[in-house]
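The next part holds the structures, each set out as structure tokens.
Common to both upcoming complexes is subunit A, partnered first by subunit B, then by subunit C.
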Partner chain A sequence: MSTATTNAPQKRSFTAAASVYVNERTSVAGFVKELGRKAFPDHWSFLLGEVALFAFVVVLISGTFLTFFFQASMAEVHYNGSYVPLKGVEMSVAMASTLDISFDIRGGLFVRQMHHWAALLFVAAIGLHMLRIFFTGAFRKPRELNWVIGFVLFILAMAEGFTGYSLPDDLLSGNGLAIINGMIKGFPLVGTWMSFLLFGGEFPGTDIVGRLYTLHILLLPALVVAFVALHLVFVVVHKHTQYAGPGKTPGNAVGPPILPVYAAKAGGFFFIVFGVLALIASLFTINPIWNYGPYDPSPVSAGTQPDWYIGFADGALRLIPPGWEFVWLDRTWSFNILVPIIAIGVFIVLALMYPFIEAWVKGDKREHHIADRPRNAPTRTAIGAAGVTFYAGLWAAASSDLLATHFSLTMEGVIHALQAVVILGPFVAYFITKRVCIALQKKDREIVLHGFESGRIVKLPGGEFIEVHEPLDEYERWRLVSFETYEPLMLRPNSRGKITFGQRLRAGMSRWFFEDRIAPVTKGELEAGHGEHH
Partner chain B sequence: MAQDDHSGTEIAAADSSHAAPAASPGTALIAPDSFENPGFPPHRPRVTDEDPKREKRAQRTVYTLFYLSILGSVWAIAAYMLFPMESNNVGDVRLNNLFIGLGATLALLGIGFGAVHWAKSLMYDVELVDERHPIGGSPETQAAAVKVFQDADRESGFSRRAVIRNSLIGALLVFPLPAVVLFRGLAPQDQNPIELLSHTMWKKGTRLALDPSGAPIKASDVTMGSAFHVIPEGLQDLEHGKLDEKAKAAVLLMRLDPKDLNELPERKTWSYDGIVAYSKICTHVGCPVALYEQHTHHLLCPCHQSQFDVANHCEVIFGPAKRPLPQLPIAVDDEGYLIAQSDFTEPVGPSFWERH
Partner chain C sequence: MSENRKSPMNRQKRRTGRRHPLATVALLALGLVFTGGAYAAFSTGTAQAESSANSQQTIDEGKKLFQANCATCHGLAAQGTTDGPSLVGVGAAAVDFQVGTGRMPMQMQGPQAQKKPVQFTDEQVKQLAYYVASLGPGPDIPADHLTNGGGDAANGAELFRINCAMCHNVAGAGGALTEGKFAPALTDVTGVHIYEAMVTGPQNMPVFNDMNISPEDKRDIITYLKYVQDNRSPGGFELGSIGPVAEGLFIWIFGLGSLVAITVWITAKSN
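On to the complex of A and B.
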């Protein structure tokens, strides 16, 4: 390095000089050499995580702007801003400053709306990204921990969303907090005191907005940034997964280099996400707090909805049948609140643990870098579909009143139907999905063995008409045959001649996972197939 | 875990071709005559690689998009000045939002689409191939890492000096506890939530007043079938904690035909000529139960759709709530105004652990 600087005979360009200057003080050349030409596998479904990341960056940028104007105080003032219908109305400083951002600061409404839309997109993109990871098995070794980190990010994102939603101290967000207060109070033993501490006394008190603000702009963002950084470090360490394709093996990563193509595409994509959010923010109103008015514990309007990602929790509360609350041992047991929380908790823990469960069932200790096609893992895909159905049922329940009024149904009918969806729906979805996956696998086999329909009809000497099937070329074929199946675990006694309960459970789950399976076509089968036909 | 490795031994023997230190494939089936990877298909050049005209056109598109972005930025700045919103007119706010926003959109999308188009149509589209290496690193590195920990353990005596180690672990577990205790300060020291939750602002003789004006209500003003949103008189004059009191004391007042009311004998005196008052705070999670259906006498909570039957002491007829809405015993004073006979006889609002 030093020789390069001292012996340089001709004049260097500015860029070269600058890079040398920086490198001699940071040793950055090693990173550039290591990362700059890394191959980054490319597929549209890999963009979902990028959407989440970029939406988060937009949230950070727009949120920082908002902090310069928002005042997280619940002191009472009489509104005296530009929005005439609320002039003179008593409200908190938080609400008044949010109205000022919307009506008295040029471009303030634009940034506020972009912040809210970006937050909604952030959570949505994380959700879709997680579905992609799940259905392609991209959580398998060595990526189990990154799945867990991503899951934590999903929960943090929802917490960020809820705390932010509560800050303007308008009627809707205040009602959301009232619901949170009621839920916390339903916790056995600690609930009453937790609510008392959170709200700094009785609900609503005058502290909650300031406290949520600290969480919203300090604690939670710090955690999100830290976990995002960790998440991305692991993406680099593991290298990205890729879909099966000719030339792609478990031992390589194929794609455009980070510099320049991937950087240009991803960098451009950031601006596209940013631009689309700007477009939405300039065209579509979100959270018009001036229509709701300041928080007051007495009024409420019908048909109000939480932000979309809280819907599943709100829906779970609605689906509990009457009467699930008891007084026992002189204490109140609010199962109408505990059961939804426990059900959601179990759902989250199962989803979080899924990579470890599947690995245990398979006993597979190898690294997996080729993403599965969902059809080639029918049981996993069916489990995912069951989970999605469960979530969707809870989510739909958050709009039970709107479903009833829009479709002229009874409230009770909608609730009972959704109770059925949440309890029976997952089983139906599981069964249908598994059958569809297996049918698609059979179709793949059919295509590999007999080729695809060419559309060319030929009349045979005997007068019979047949459609000529063209065989696949080897590249196309590879896409359809390059997957593995697993066989059910055979139960065997261990070294002490015993069959443990764990092994029994594992064998049972293995049977459940892999009893119905379609193996990929082998060379022998293809040759035998050709023999029959020609 | 050792058993796991046994479960697929036969299959493990069949595999072991890839993955350097042969990890167990578990129950994976690897067919002996599966297809071989055919290798990369031949590279297909793009139109911009072959046709200089198309290349030129792509180049033009890219720089046009970048110039459009500059135009968008300039437009957004101009819109900031051209569309003021200091007129107290909501329409001006809309225009300001729309035109600043569209300018920013153009500025951002111009860069975005330009960069992506550049990458896709003009930059080299040859894919690179990286070798993957086992994530755990080489056995030598792993052994070296193990040795570091062993050396550190030996040199510090972490395993050997168990008393020191355990006392340190104990100290580390206990030292955050004072910080936890400090958080007791989140709520006032001299108050007890259970005590606070058990009482509201209502007391004997408090007049029922209209929400939000605070005007007291005469029994004669409450016509048959009507419903009023009610607060205790004097709530609006409170210096502090107005919302805290309102969150507990909000009441719904309804007048039914006395024939429709199925009143318990001990509560016969709690109503006045068909006028009944119930807490407005839902016993589920505490939303205001604000929707009254006059002809069925049902109250509906808009948050989670619990329904209460006013004719039967607001018992729950549907939804997740369990308890009826608490009733406020009312009477009429000398001047004909409705007054409370007492506070609620039970805590209002959502259930809590210590409630019984």
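On to the complex of A and C.
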């Protein structure tokens, strides 16, 4: 196969010749060498971001297919396709073309279901990936900006999802838009104007599907692709975090190089994700718009919920007690809408800014490349658990009616219980998690100092029974002792001899974070401990 | 036309026994025009005539059953007590629905009567129904042509979405009401019981009388529900037809769950 050997001093294989040809024209070798030798630490939790990335690729591919057949028009037609219970029903072209994709275009329903399932997986994988990053402290310097970029991607993904499931113009998507319309109109003074601007007149109007379509297939995907690219560039620039272990230092990254091992694994993994989604799409119905029928502002179905990632916002609306709107200054003030919007907004901003908040509290300006075990940062882990509880409470509230029917409860009981979960649950979760983390740290300390229980019971000559404790091997011990601990910052006057409010706040926060702490076992303690045993 | 002609000829033969009409070709054609509705009306007419023929006996049997099984709550003359409402004027349809679906006799007091295995034979249910119907005028058990699902599914689907889906869900999967009450799933309810529920408004359901939704429209609604019962979702397993909550749970537990399992497998140490 050596065809390009005429000028070459020696015989080259085809691959080698082709590589030389490409390199002589692009100088890509340096780049490949640099990138291909990047090490990628091996841990299952480091692949969650890839699940999200690959799901997004599936969304892009299947979405492209759907654009060939979907028509984003709200002109009225009478449906004349194959689905009998909708024959002759008046509906928008958007709905009719989605039904055609589902029933009259070969493979259309499969691709539509794959697109929707992949979108759900995309956001779910982002969520899990974010939790991994948060609980291992992988957002610390130098990765704070990448956390922000990732968070923006999470919000963009939700926006993509919302604009997407609003497109078919079926009853469910219309109900979703009606809620958005209500939320926008809930803003004092500007709400009605904003609603008319968005919908091109009185809701629902005839413009919204076309506008959402432009956002859904042009603006938002472009932003997602751009931010994903930036996100990945930062991963390469920062190199990947790794868990503590012998030979793993903040200055290195231990793992197989990207080329060939890691690239092969990741490439194969893409096809696995694709395959799992194809399997799900072929076996399980998603968003059966033929049941929902065309949008009509009068009907609302029982069990009307948004897709899961918007559920927390729907749940927040459901949990507000009645009577929170009143007329004042000849205007209606809808605090039943404003309060949940503000609460969710504050929650999102706090989560987005958390890396900066934690760095400020610690006063820590060093780089961190070793991922924390969640127990070794008890306060952060507890804050995370509180946030998860808050979110999960809101999320569960979106399915309050289904919780009531499926568990034979009263709807009022479910709502009141979830109100308690959302308001009190975070505090309970915080205290339990913090105590559990500290207890686990104490256990680690115990094991490092005195070894683990071997299960071997020995009877001493005096008749006493003892269990033999085996010392840990050095690799295991490394994992348990190599973490950092912080002490509360001292409150000291600044150069002008004053203690500012900011300093007080910071010292207070620092005390809250680090007052209860377990220090890692030191070398001295270890040697003393060994001394006891030998 | 030829298909149509066959069955009326049979009917014609049966009718000749009683009426002796002159069977000319012209009369046969005329008969064909009036066939469907006229025959249906005729046959139900006879059914009612038949039941009223031995009605006193039926009613007496129903009364005995009523006094043995229902009177504790509804009173010996169905006049109602503090534990159960009066049944005067609820009609045969209400009894056929409540007893025919097992809701009555009620298992226990609760937010609403639950479905359970039917406690009486079909004949006993009818006897109870006609006894209660004899106490005062009320909606009758509907005729077969209204409940056999032979109407327009598209019209029925639209009416169902507008009038029924807010409680029963667009696919008839059921939904929650206040204080532990609920709208049941319609996935295995017969056409007769759906019709009776619409005209009598059992439990927390409103009454949809013939001024609200005409008998033909009710027939169309039943046609749609029968279509949903008989045709599985073209997209695969329905996950309970309860919408995005089931889909979200599914993708988190089975979709993401299986992929996490695969990530563990991929990164497992080879020893």
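The rule is simple: the second predicted complex is superposed on the first by the 521 of 534 C-alpha atoms of A that agree within 3 Å, B and C clash if a C-alpha of one lies under 4 Å from a C-alpha of the other, contacts with A are read in each partner's own complex, and residues count from 1 in each chain.
Just so it is clear, a contact is a pair of C-beta atoms (placed from the backbone, for glycine too) under 8 Å apart; a residue touches a chain by one contact, two chains touch by 3 or more.
These numbers come from a predicted model, not from an experiment.
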Practice problem: Name the contact category of A:Lys459: first (subunit B only), second (subunit C only), both, or neither. | Solution: neither
Quiz item: Once the shared chain is lined up, is A:Ser301 touching subunit B (first), subunit C (second), both, or neither of them?
Solution: both
Practice problem: Could you say whether A:Arg106 touches subunit B, subunit C, both of them, or neither, answering first, second, both or neither? | Solution: first
Practice problem: Answer with first, second, both or neither: which of subunit B and subunit C does A:Glu367 touch in the superposed model? | Solution: first
Quiz item: Which of the two partners, first being subunit B and second being subunit C, lies in contact with A:Ser282: first, second, both, or neither?
Solution: both
Quiz item: Once the shared chain is lined up, is A:Val84 touching subunit B (first), subunit C (second), both, or neither of them?
Solution: both
Quiz item: Between subunit B (first) and subunit C (second), which, if any, makes contact with A:Ala124: first, second, both or neither?
Solution: second
Quiz item: Looking at the overlay, does A:Arg25 come into contact with subunit B only (first), subunit C only (second), both, or neither?
Solution: neither
Quiz item: Which partner does A:Arg496 reach: the first (subunit B), the second (subunit C), both, or neither?
Solution: neither
Practice problem: Count the residues of subunit A touched by subunit B and by subunit C, then name the partner with the higher count. | Solution: B
Quiz item: Which parts of subunit A are touched by subunit B and by subunit C alike?
Solution: 84, 102-103, 109, 113, 265, 268-269, 272-273, 276, 282-283, 296, 298-304, 400-401, 411-412
Self-check item: In the complex, subunit A residues that touch subunit C
Solution: 42-48, 51, 84-89, 102-103, 109, 113, 117, 120-121, 124-125, 128, 171-172, 265, 268-269, 272-273, 276-277, 280, 282-288, 290-293, 296, 298-309, 311, 398-402, 404-405, 408-413
Quiz prompt | Interface residues, subunit B side, partner subunit A - complex | solution = 3-8, 18-19, 23-31, 33-35, 37-41, 80, 83-88, 90, 93, 96-102, 104-109, 111-120, 123-132, 134-135, 183-184, 186-188, 191, 193-194, 196-197, 211-212, 229, 231, 241-244, 246-248, 250, 280-282, 284-288, 290-291, 300, 302-307, 316-323, 349-356
Quiz prompt | Of subunit C, residues touching subunit A in the complex | solution = 111, 153-154, 156-158, 161-162, 165-171, 173-180, 182-183, 224, 227-228, 233-239, 241-245, 247-252, 254-256, 258-260, 262-264, 266-267
